[in-house]
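The following pair of complexes shares a single chain, subunit A, combined with subunit B in the former and subunit C in the latter.
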Partner chain A sequence: MTTHSNIDTAVETVTRGEDLTTAGQWQLFWLRFKKHRLAVISLVVIISLYVVAALAEFIAPFDPNSTNARFTYASPQGFHLFHDGSFAPNVSRLSMTLNKESLRREFTADPDNPVFLGFFVPAKPYMLLGVIPMETKLFGIKDPKIGDSLYLFGADRLGRDILSRVLYGAQISLSIGLVGVVVSLVLGVAIGGISGFFGGWVDVLIQRFIELLRSIPTIPLWMGLATAIPVSWPPLQTYFCITLIVSLLGWTSLAREVRGKFLSLRNEDYVIAARLDGMSEIGIIFHHLVPSFISHIIATLTLAIPTMILSETALSFLGIGLQPPIISWGTLLQEAQNIRAVAQAPWLLFTPAAAIVIAVLSLNFLGDGLRDAADPYGATT
Partner chain B sequence: MSASAETILKVENLKTYFPTRKGMFRAVDDVSFEVKRGKTLCIVGESGSGKSVTARSVLQIVDAPGRIEGGSIQLTRPDGSITDLAQLNPRGQEIRAVRGNEIAMIFQEPMSSLSPVHRVGDQIAEVLKLHFKLSRKERRQRVIELLQQVEIPDPEKAIDRYTFEFSGGMRQRVMIAMALACNPALLIADEPTTALDVTTQAEILDLIRKLQQQNGMAVMFITHDMGVVAEIADEVLVMFRGKVKETGSVEKIFHDPEDEYTKNLISSVVKLEKKAEVRAEQLDASTEYKPLLEVSDLSMVFDNGHHAVNNVSLTVHSGETLGIVGESGSGKTTIGRCLLRIYDPSSGRIDFKRSDGSVCEVAGANKADLKAVRREIRMIFQDPVGSLNPRKTVGQIIAEPLNLMGVKGRELEEQVCALMEQVGLPPSWRERYPHAFSGGQRQRIGIARAISVKPRLIIADEATSALDVSLRSQMLDLMMQLQDELGLSYLFISHDMSVIRYMCDRVAVMHRGKIVETGETHQVINNPQHAYTQALLSAIPNPDPLDRRLHNRFRFAPEVTA
Partner chain C sequence: MTTLMADWASQGGAVEQGTVAALRERYGLDQPIYIQYYKWIAGIVTAGDFGLSFEYGRPVAELIWGRLGYSFLLAVLTLCFAWAVAIPIGILSAVRQYSIGDYVTTFLAFVFLALPNFVLALAVMYVVSTYFGKSVGGLFSPEYADAPWSFGRLWDLITHIWLPVVVIGTGSLAALLRIMRANLLDELRKPYVTTARAKGLSELKLLIRYPVRIALNPLISAIGWILPAAVSAEILVSVVMSLPTTGPLLLRALLSQDMYLAGSLILLVSVLTIIGTLISDILLALADPRIRLQ
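Up next, the complex of A and B:
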C-alpha cells in the first residue's frame, strides 16, 4: 500500500498550519473577522455604546426631564482638565445677559470663574438598571451652588441637559433596533425557511407576497399603521407597537436570504449524503443547513439593526412614531425641527445626529466585517 | 520551417511570488526554459505546481497580489530585436503590443473565456482592430478566413452567431481563431482541452498541431495529462511546487526520466494503462457470481423534457466491479442517482437483492424499504470538497450514518477509529475538520463514510476524477483492497477509460442516455464492437511519445458534426 506517503504529506500540511486543523467554524470566523480592522474598531464602539446606554442613569449627570428656566438654550460650556496648574476638571461659568434688541438670552463663558466637577458626586436616589439602588452619579458639579451649571453639550428650550437626554435616548433608540430585529428574525427565518424548504406553490405565494410588501412606499404605510395605534395607550405600549410596525417590513430581505441559502445548500453533496445516510428532513435542516447559514444570518441581522434605528428616527421625526415625553434620538431631533433651533442652538441638532451617525456607521462596518467572515470556507483554501 | 532551431522565448530564473499572511508563497521559483519556433513545449505538473502562473507571468497577467520578483523573459521580436518582458510595465503600451499580437493565449474554460453578449465575429475582430489598421470589410473577410482555418462549418453564418449557440469544442475553436488572428509567434495554451470530452480533445489537439505546422508558430502547452504530453510535445518541462524537476525531450522524459518525481509521475500513468495486478488473474471468475442488482428498462426524463437515461438495462453481480463509461451528458451520473432514488426514475425496474435474500424493487420502494436499501447501497461522490460538511469534524462525518443506525457512545468511537484505520487515516485525526485534509485524504473520508454501515454495493461517481494522477491509483488500490476485505460490489462511473480498465471487471459504454455496448472490460477495450466505443477508445491519448496514434483515430460520425 502507498498510504504511508499520503500520511507523510498530511503530516506536513498539519505542521504548516498547526492550530487550524482542529479549528471549527467559529474559530475560523473569528480569524477572518479579526483581519477586518474597521469592523473590529466598530465592534468596540458598539459595545461601548450599549454599555453606556445600559448605565445611562449613572453616567448622565442630570435627570433628562429636570428643567431649569435660568438656562434655556444655554450653549455648551468649555471643558478644562486643569485649573491654576493643578488637576481640577472644570467648566467655565456661564453668565447670562439679555439682549434688549432681539429679546434673547445670550450666554458668555467666563473661564476665570470655573465650576468645579467631581467624580461620584451624590445625587437623588435612583435605581441602576432598575434593580440596584444608587445615590451617586459618575460625575457632576462638586458642591452645587445656585448659578452653577453643567451643560457639556448645551441645553434645550427648557434648560434640560442635552447630554443626559441623548444618553437616555440611546436606551430607547438602540433597543428598538434589537427588539425589531428579533421580531424580523423570527418572521424572516420561519417564512424564508418554509418558502425555501417546501418550494412549489408555497414558495411562489410567499415570494409574490414579499414583492407586494416591498412595493408599498414605506412612509405612508408607517403613517397608516401608526395612526391605528390608539392615542390613549401608554407610551411604552406605543413604543412596542412602533417596533412591531418597523419589523413587519424588515423581515422580507432576511426571508429572501434564508430562502436563497436553503435552495443552494439543498443540492450540496454533503446534504445528499446525509439524506442517503437515512437522516430525516428535520434532522438535515438542524444538523446541516442551519449551522451552514447561521453566520450569514448574524451578519444580515447586524446590518438590519441600523435600518431599524433609522426607521425609528424617521418615524419619530415625522411625529408619527414615539412622542415626547419619551426620549429617543428621533424625538430629540424632532425638537430641532424649527429654523430657530438650528440657527440659535445648533447643538440641539448636532448632538443627537452625531449619536445616530456613530451608531449606524459602526453597525454597518461591523455588519460588513461579519458578512466577509461569514463563510470561512468560501474564498480561501 | 527553415529556422526550426530559432529561439522565440527564453525564460531565465523566473520568480513569481504571492505575498500571504504567513509570508511569501513561491508559486514560480527559479524557472528557466526556452521555446523554439515551430516546436511545442509542454509544461506538465499536478495541481498547485505553478504551471499556470508560469504561463501567465510571460504575458504579465498574474492575478494580484502575485508579482514577478526576478528573472528575465526574453522575447525575440519579428525584426530580430530582443525584449525582456519581465521589465515591462504590466499596464504599459509595450506589453499590450505583445499580447495578442506576438504572444496569444487560450484558456481552459471555453464557457467563461468568451463573452456571451458579443457576436463571435466581433470578438475575433476586436484583436484585429487593436493591432492592425483594417477596414470593416477587410476585417470581416479575415475573420471568416480564420473561422475556416479552425474548421468551423459554414463560417459566413457562424460569424454572426453568439457563443451560447456553440458547443464546448466549437467555442474552443473560436478561442483559437481569436488567438491566431494576428499570426502570433507564440501560442500559450493553458489546459485548453481539460474541460472537453476525449473525442473533442482529440479534435482540438489535431487542430492545434495542424495550425502550428501551417504557421510555424511555437506552442507552450500547459497540461496535467501525461497522455496529451506524449501525443503533442517536443520538449517537456516537469514542474512540482513551483520548481522545475526535469526538462528534456519528450522521449527522454517518458523513457529515460532521471528525476525521482518524474519517475513516479510516469509510473503512476503507466500503471493505469493496464489492469490492476491484483485483478489480473481473476479475469473470468465473475461468471460464477450471482446478480446483485438488476436494472431493466430504466428511463429518466427531467421536467424540461431532457431524456437523460433512455431504456437502460444492466446487471451488477455480487463481488464484481461494473464500470459505466461515457462522455459528459451521456447520462451516467443520472443512472447512479436514479439507483439510490436521489432522482425518481420515470420508468423501469431496479431489483436489488437484499442481504436477507429478499428482492427489493427500488424504483417503487416505500420510505422504510428505501431507507433500508440505502444502507446496503452507498455512494462515493466526485467532489471531495463539497461532499464533506466543512462544519463537522471528520469523526462526526464518519459517525453520522452509524449514529443514525443507533450506534452510540464508546462503541461508536471504536468503530469510527477502526474505519479510519481501514482507509489509511490515523484515528487520532478524527477531531480535525475537513479543511485540514488534502483532496486524496478527503476522498478517503468519503470512502470511510460509505463503508461504515457495511454496504454490499457502492456507487462511485467519478470518485477519482478530481484527484491528481499520482493519487488516483492509490485510491483505486484502496477501493479494491476494501472490496476483497468486505466483499463489496462496485458500480464505477467514470469518463476516464484508464481508470475503468484498471479497476473494472465489466464495462458498459454509454452514449446519449443509451448503453451502446456492454462486456468484459478487456474484450470491450481490445475489440470494441460499436462504432462509438471505437471512436472513444481511439481518441484517448497514449502516454508513449513513440506510439502516437491520435491522428490515426477512428471518428464516430455524429460526434464530428456536433
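Up next, the complex of A and C:
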C-alpha cells in the first residue's frame, strides 16, 4: 500500500518533469520555501525595510534632528496625489490656532490650500551610505516658503518630523537585530557544538547552564545589566553593549538546536563512513555536519532577530537602553511614555509602533517559512 | 559604590559619620565586591536581611513584600487568563482547520506576538481615556489606595486588575494558542481517534476525552517559559500603567543605583519564577503518567 503510493508520487513527479531526485539541498529548500506565500511576501518586505534603512538619508525628507518651533506637535497632514484633476502630489497646509482654554496649539488642515511636493528636490549636501556625496532627497517641498510644512506622520514636541525619525531609527533598530544575531550565532554554534559533539559531563554542564539562563525572567536581568553601562559612555559603545546584552540569551536556543542536530547526526552512516575513511573530526564537522543543518540555523537566526528588536525597544523605552541623541524605535517610543503625551499626539506612539509591528511580523513569518522549508520531513512537492 | 555613597551624602546633606561607618561595617562596603556579595547573601540566608535601600533609607524587606505579592498575583492571573482563553480557541481552530475563524485567530496571534506589551498598554490606555473618558492605571481608585482590606476594596481591585492582566496576557496567549493548535492537530491525525470515532463515540466526547487531554501536556510544561515571560511583561506594563508592583520600584532602584534594593528584587523575582517552574514540572508529572514512569 505504502510502496504503491510512493511509486505513484514518483511517477507523478517524473511526468510533471520536475527532477526532484537529483535536486540539490538548496534547490529543494527554495522549492519548499516558494510554496509558503506569506513567507515570500515577508522576505520582500524585510529586504525593502533594510534597503529603506540603508538609504534613510536619501528617503527621509528632513534631518531627524532639525527642530521647528512653529510646528510643535503638528498633526499628520493629509496626503493627496491629485490637485484640480491633474497629478500633483500635495499635502494640506496646516494653520495653527492657540486654544485659549487648554493653552495648546491646535492644527487644522486646509485641503484647498495645498503645499506641493516634488521629487528629487535639492537639499543640504550629505553623504549617502557614508561615501556617496548627494545633494538631492527623494521627495520634499517644491520651492519651500516660510510657513510650508511637510509632516506626513506628524511632528514631536520639538517639531521634528516623525517620518524622518522613524526612518533613521530603522538604521539602529534593525541593525541591532543583525549584529546581535551574529554574536548569538558565534556563541550558539560554538557552545552548542561543543556540547553535542563531546557529550558526557561537558554536555550536562552546558545544558544545565542554558536552562538556568532561560528560567530567569529576561527583562529584570537585562534592566540590571543595562543600568550597569556608564551613562558617560559614547553612543557607539553603549550601542555595542546593548547589542551584547540582548544577544546574551539569544544564543541559548541556537545552542540547543545545534546540539540536538549534532547528537542525532553523530552516528549517521555517512558520518561513520567519513570517519572510517580517516577524515579528521574538524573536517567531518565542517564538511558533513554543518552543511546538513545550516538551513535550520538560518531559520532559528531569523526567528531570533525580532526578539532582539523587541528587547532593544523595551530597554530604550524604559530609558536604560539607548539614550536620546541616538534615534531608535525604542527611543522614539520614549517620547510617548506617558498617557498625556499620547493623548495629545497619538502619532508619537502609533507611527514607531507600526514600524515595529511590520518589521517583527514579517521577520516572524519569514522565519516560520524558512523553518518549514528546512524541515527534511516536510512535503517536497 | 563609593559614588553612590558620595551621592547619598551630598543629597542627604548631613549624614552622620557614625551611620556611614556602621553601614560600611555591616555590609563590608569598603571591601572587594565578592566579600560584599557574600555578606549580602549570607545576611539573606541566615537572617532574612536583604540589606538597606539607600534611597528610601529603609530595610529592603519592608519595601518589597507587598509589591512582590501584587506582582505574582498579576503573573498568576495572567497565566490563568492565557490558559482559559487559549485552550478553547486553540481547540476550535484545530478542529476547524483552515476555516475563516482559524485564519483570523492565527493572524491575530501573530500580530499580538509582534506587538510589544508596553505599546499595547499605552494604546489601550489611550483608547480608554479618549473614547470612554475614564482614567486608567494603578490597581486601585484613589479612595481605596491606602484603605484597609474590605469587600469594597477587593471589588475595586477586580475592576482595575483585568486590564493589565489582559494586556500582559496577550503575548503569552498567542504563543499558547499556537502550541495548542499544533499539538491537537498532531493528535487528531492519530489512529486512535479514528478508532474511537468508528466505535461511535460522539464527536465532542471523543475530542475532550482523548486528544485534548494529551495535547494539554505540553501546555503544562509551557508554564516553565510563560511564567518568566509574564513576569518580564508585567514589569514593563506596570511601569507604563503605574501599578504598585515590583516593576516601577525596580526601575527606580536601577536608575538611582540603589544596589541592594535592585539586587534583592531581581533575586526574588528569579527565585519565585524558578519555584513556579518547579511546580509546573510536578504538575506535569501528575498529569502525564508517561513522565512518571521515566
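Here, the second predicted complex is superposed on the first by the 352 of 381 C-alpha atoms of A that agree within 3 Å, B and C clash if a C-alpha of one lies under 4 Å from a C-alpha of the other, contacts with A are read in each partner's own complex, and residues count from 1 in each chain.
Here, a residue touches a chain if its C-beta (ideal position, glycine included) is under 8 Å from a C-beta of that chain, and two chains touch if they have at least 3 such contacts.
These numbers were taken from a predicted model, which means no experiment stands behind them.
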item: Touching partner for A:Gly24 - first (subunit B), second (subunit C), both, neither; value: first
item: Which superposed partner A:Asp277 touches (first subunit B, second subunit C, both, neither); value: first
item: Partner chain(s) touched by A:Leu361 [first = subunit B, second = subunit C, both, neither]; value: second
item: Which superposed partner A:Pro291 touches (first subunit B, second subunit C, both, neither); value: first
item: First (subunit B), second (subunit C), both or neither touched by A:Pro133; value: neither
item: Partner chain in contact with A:Pro125 - subunit B first, subunit C second, else both or neither; value: neither
item: Touched partner set for A:Pro234, first subunit B, second subunit C, both or neither; value: neither
item: Subunit B versus subunit C as contact partner of A:Glu268, first or second or both or neither; value: first
item: Footprint overlap on subunit A, comparing subunit B with subunit C; value: none
item: Subunit A-facing residues of subunit B, complex; value: 340, 342, 371, 374-375, 378-379, 381-383, 386-391, 393, 400-401, 404-405, 424-426, 429, 431-433, 435-438, 440-441, 449, 471, 474, 477-478, 481
item: Complex interface listing, subunit C residues touching subunit A; value: 110-111, 113-116, 118-119, 122-123, 125-126, 129-130, 136-137, 224-225, 228-229, 231-233, 235-236, 239-240, 250-251, 254-255, 257, 262-263, 265-266, 269-270, 273-274, 277
item: Residues of subunit A that touch subunit B when the two form their complex; value: 1-3, 6-7, 9-10, 13-14, 17, 20-25, 28, 268-270, 272-279, 288, 291-292, 377, 381
item: Subunit C-facing residues of subunit A, complex; value: 214-221, 223-224, 227, 306, 310, 313-314, 317-320, 333, 336-337, 339, 342-343, 346, 349-350, 353, 356-357, 360-361, 364-365
